[in-house]
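Two complexes come next, and they have one chain in common, chain A, joined by chain B in the first and chain C in the second.
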Partner chain A sequence: MSAMLEIRDLKVDLMTQRGIVYALQGVNLALAKGELPGLAGGSGCGQALTAKAIMRLLPRDRSRFSGSIRFEGTELLDAKEKYINKLRGDRISMIFQDPMVSLNPLMTIGDQIGEIYRIHNHVSKAEARKRAAEMLELVGIPPADKRMKQYPFELSGGLQQRVMIAIACACKPELLIADEPTTALDVTIQAQILDLLKTLRKELNMSILLITHNFGIVAEVCDRVSVMYAGRVIETADTRDIFRNAKHPYSRALIASIPRAGGESEYLPTIPGAPPRLFERINGCAYAPRCPYACDVCRSSVPETNAVSENHTAACPVMMNDMAGNI
Partner chain B sequence: MSKYIFKRILSLIPIVIIVSVLIFAMVRITPSDPVAVMMKGKKITPETRASIEAQFDLDKSYPEQYICWIRNIFKGDFGTSFHYKQPVLSLVSSRLPNTLQLVMMASLLALLIALPLGIVCAVNMNRMADRVLSLLTLIFVSAPTFLVGILLMLGFAVKLGWFPVYGAGHNFVENLHALFLPAVALALNMVALIARITRSNMIEQLNAPYAQTAIAKGVPLRKVVMGHCFKNALIPVITVTSIQFGGMIVGAVLVENVFALGGVGALLIDAIKQADYPVTQSITLMMVVVFLTINLIVDVLYAAIDPRIRLDA
Partner chain C sequence: MQEYLLTAEHLTKHYRVGGNKRNPKLLHALDDVSIAVRPGEIYGIVGESGCGKSTLGRCLLRLTDLTDGKIVFDGKDISKLDRRGLKPLRRDMQLIFQNPYSSFDPKYRLGVSLREVGRAAHMSDDEINEKLNTLMDTIALPRDMLTRSPSELSGGQLQRLAIARALLPGPKFIVADEPVSALDVSVQAQILNLLVDLRKQLNMTMLFISHEMTVVEHLCDRVAVMYLGQIVENAPTKTLFANLLHPYTRALMSAIPKADPDDHSERILLSGEIPSAIDIPKGCRFAGRCSHATERCLNEVPTMKEVEPDHFVSCFLY
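Up next is the complex of A and B:
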């Protein structure tokens, strides 16, 4: 399995008004063609930032990068802006959390989809419009000719997200990054959008990196999941594997806090505390202060990522030692 | 769209009526005696006073005077100036076009300078270019208009002879040349505010999620700025420009004095000092109509830019 996208030891520091935030502290991630992995974790743990780093959407004068992001063998971190612009929207696309504000309010739907053909395929206005209409049909917003002339505010949130997906998939990208695509939508619409993404993935033969904080969504659509905490990937496993045999206490806690219909316990388990604010590099496991199993090793050095089995890695010294899984 | 404009125009009628009453009332409330001013403070007999008052309808009751004023306006007669003994309309018609053209030229120049300035500052936020240009606009706004006017006049009219030193031309085309320097002096004053509003709105729009979408689509930065963000940042810019435009019609008086243009602002100020009721109330009413017209144009521009306004109406 050769990786289409490979992120190695990605570190991102953000210069903010309150000081430097060490937002990503060494992210490792690999993604093969056609896969649909999830990138899970609580908010502020660095998933969205990782996505933006891949798309090079972070302000370059207010952030520092190290490590490597390779897409089909090409390093993206120091690639020329011109090259990145050709990549964006054409080979790597992204959809965002809140469709209501992610579309230009003053531009018709048709123009916003058509624009991407004009930029990447250099087609005429009429041709762009024709293709945009086809794309609208594909993402399930008929009647296309009427929708083309509408403005974003005339559409519901679910339809707006479909438009976003139409834009992102217009050029048949190899990789689609979906940053919490359903968080702002209600549950029935959520399911429809996720179904649409699954269908498009097959039809267009693309990989989708799905960022979510919702393990329910991971279970529903992802083949594989990487769990992030405080700017690091702390566990990666096949979806099936992680639900049965999560090694990292944080992954376990996240899975335990999925609400289940007809669950026995009266209260939803929660993780006490909050993720650390990353104003300094953390020496040791960032989760240790909230972890019931933490010991001295966890606090003294950053846990190494080790293989649990094939396709399953985790960064927790305590759990790794306890191979019998007694804890 | 035409329905929207029609509705807007209808809504202006009650405003004009109410404002005309207010103007009329305010002119009468001011503690001034037009007859005394006309007689230049000389002692006069009650009989003379009565005959002057009768001549200018000042002996009638206020409601009668008001109705008389409005009725005459519909006949195209704005009254006769107490001071100049000339019809108000002929006094104004020789000045208002000049003032309007001056203010229009100044606004246009200001926009031509301020919009690119604001955009460049926004794109280079907090970098060298932004800091230098922001400082420059601050200097422009701090320099008194009349001083800038005098300096421009010394440089470009007296020394270089490119422009007339003072006075306006006789028609629109001549004025393009004659009013250029005063327009520049006025424009420099407007630039700072417009550029600042453009800058802050462009920064907001450049950081908006839809701008990020555009970048993620692979749209080059230049097109994101001009094709996506600029239009979204335009509405507050139009608002500020229109307010300044309105304020300048009277506010241009300093520059008009420096360049001896005899604008409508000076006429109004003199009229107020001389208790010249017909001139004061008529010019003020005309200003109100100009303001409302600007507002109407601005509303139409909003609707043209933003479909949410256009389609909701």
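Up next is the complex of A and C:
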């Protein structure tokens, strides 16, 4: 499998008013053409930041980067702004939890989608309109001629999200980064949007990196998943493996804490404590203070990411060596 | 002991959103909703956004006037009480909100916000302090958290304090409006566990509002499913989940992404969206999205029917 996107040891420091936040402390992630992996974890663990780093959306003057983000062989971290601008929207696109972040409230839907074709493909106005209408059909909001004339605020959250997807996919990108795209939506609408993303992936033959905190969504739509904690990827596995054979105690605890249909026990397993604030580089496993299996090894150095099996890696010395027995 | 702590019959709440006095444009937030809550019960209300859950909660607490209907709380008809008449009730009925961050005034230390609720309920300072000490143990937070300001605490910690604040005056009835919806799953689990504990320790009665079927199934004794201002199905939790009857309930359950890679059960994908609460469809309100809809569903309004013992559903299929 050759990677389309490959992130190696990505570190991002953010200069904030309260000091330097070591927000990403070594992210490793790879994604091949046509894949739909998930990027999961609790809030503040760095998933959205990783996405922004790929899209180069972080303010250069207030952030520091090291490591590497390669897209189809080209390093993005130090690529020219001109190159990135062309890449964005054309080959890599992003959608967000709140569609209004990227929709222009003062422009009709038709003009907003059409504009993409005008800018990226230099087509005529009429051609842009025609393609915009096709795109609206593709994302499932007919009748296109009526929708084209509407403004974002006239649409429900679910329809706004579809418009945002239409805009993001207008140029048939190779990679779509979807950051919690259904978190603000009701479940029945969420199901529709997830279904749409699955369809578009096939129709447009695109990869989707799906950021979600919801392991139900991972189970339903993702081929595999990387779990983040405190600015690192702590485990990557095929979806089935993360549910059946997670190695990292944090992955296990997250999955165990989900209330399930037909769940029997009265109490849900929880994780004691809270994630660390990242005001320093953590020299050890960041999860150790909350982990029931933590031992000296975990606290003394950052755990290496090792292979569990073919498509499964985890960063936990205890579980990898089965020092904790067959837990 | 009385069978029900609170009963609501034919509750209706319309908001005027336009038009004029003679010909007002009405938003039907709640239409003819009836529920009965037993003492010690956690009664779940579940449905998607805009279906009227919060409106129901606010009506039951009489934080708003009713358009129609009757509420009997603790043996007393409270439907028509005015502000003054309601005052003595405030101590007995409390509300917990969804967003823990906006539940507390950022200007004040948390202890100040909590004590204020006690004073409003005419508790003495000694009484308040004593109660706060026990409550802080119950919610498993150190007492010195009360000297902090809201911005210093996490969402989970604030939600614990919001629960403590609601419990402080020793209410008979609590409405918890999506209290775990804004929290991460692991934190959500902590709060749900706390509520399970509280039910055991305090035998509290609660209306628990949520948009998540799995959460109400986990916590509640009884569940009512709402759609577009009405209850469409209502039963004890076990009965309901063993036998989902209303097509909407089934779709709602089916739409939840299952955290199980081996669950390949057929999904029911609803088309379209919830209709506007202003132009209420005639007939069954769900008919436009229901795969079982017939001519009759489009024209007649279904009514609640007891399909099996204590399991009520409003649908022509039954």
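We adopt the following convention: the second predicted complex is superposed on the first by the 321 of 327 C-alpha atoms of A that agree within 3 Å, B and C clash if a C-alpha of one lies under 4 Å from a C-alpha of the other, contacts with A are read in each partner's own complex, and residues count from 1 in each chain.
One rule holds in what follows: a contact is a pair of C-beta atoms (placed from the backbone, for glycine too) under 8 Å apart; a residue touches a chain by one contact, two chains touch by 3 or more.
Owing to the predicted nature of the structure, the values given are computational and were not obtained by experimental measurement.
*Asks:* Looking at chain A, which partner touches more of its residues: chain C or chain B?
*Replies:* Touching more residues of chain A than the other partner does is C.
*Asks:* Report for A:I189: first if it touches chain B alone, second if chain C alone, otherwise both or neither.
*Replies:* second
*Asks:* When the two structures are overlaid on chain A, which partner does A:V101 contact: first (chain B), second (chain C), both, or neither?
*Replies:* After superposing on A, A:V101 lies in contact with chain B but is clear of chain C.
*Asks:* Once the structures are superposed on A, label A:G158 by its partner contacts, choosing first (chain B), second (chain C), both or neither.
*Replies:* The second partner, chain C, only.
*Asks:* What is the contact status of A:S257 with respect to chain B (first) and chain C (second): first, second, both, or neither?
*Replies:* A:S257 sits against chain C, while chain B stays out of touch.
*Asks:* Looking at the overlay, what does A:E115 touch: chain B (first), chain C (second), both, or neither?
*Replies:* first
*Asks:* First (chain B), second (chain C), both or neither: which does A:K11 touch?
*Replies:* A:K11 sits against neither chain B nor chain C.
*Asks:* Touching A:L87 in the superposition: chain B (first), chain C (second), both, neither?
*Replies:* first
*Asks:* Contact-wise, after the overlay, does A:H248 reach chain B, chain C, both or neither (first, second, both, neither)?
*Replies:* In the superposition, A:H248 contacts neither chain B nor chain C.
*Asks:* Mind pulling up the chain A residues that touch chain C in the complex?
*Replies:* On the chain A side, the touching residues are 42-43, 156, 158-159, 186-192, 194-195, 213-221, 239-240, 243-244, 253-255, 257-263, 266-271, 274.
*Asks:* Please give the residue numbers of chain B that touch chain A in the complex, ascending.
*Replies:* Against chain A, chain B makes touches at 127, 208-210, 212-220, 228, 231-232, 305-308, 311.
*Asks:* In their shared complex, at which residues does chain C touch chain A?
*Replies:* Going through chain C, the ones touching chain A are 48-49, 154, 156, 184-186, 188-190, 192-193, 196, 211-215, 217-218, 241, 251-263, 267, 269-271, 273-274.
*Asks:* Which of the residues in chain A come into contact with chain B in the complex?
*Replies:* So the residues of chain A touching chain B come out as 55, 57, 61, 85-90, 93-94, 96, 98, 101-107, 115-116, 119-120, 151, 153-154, 164, 167-168.
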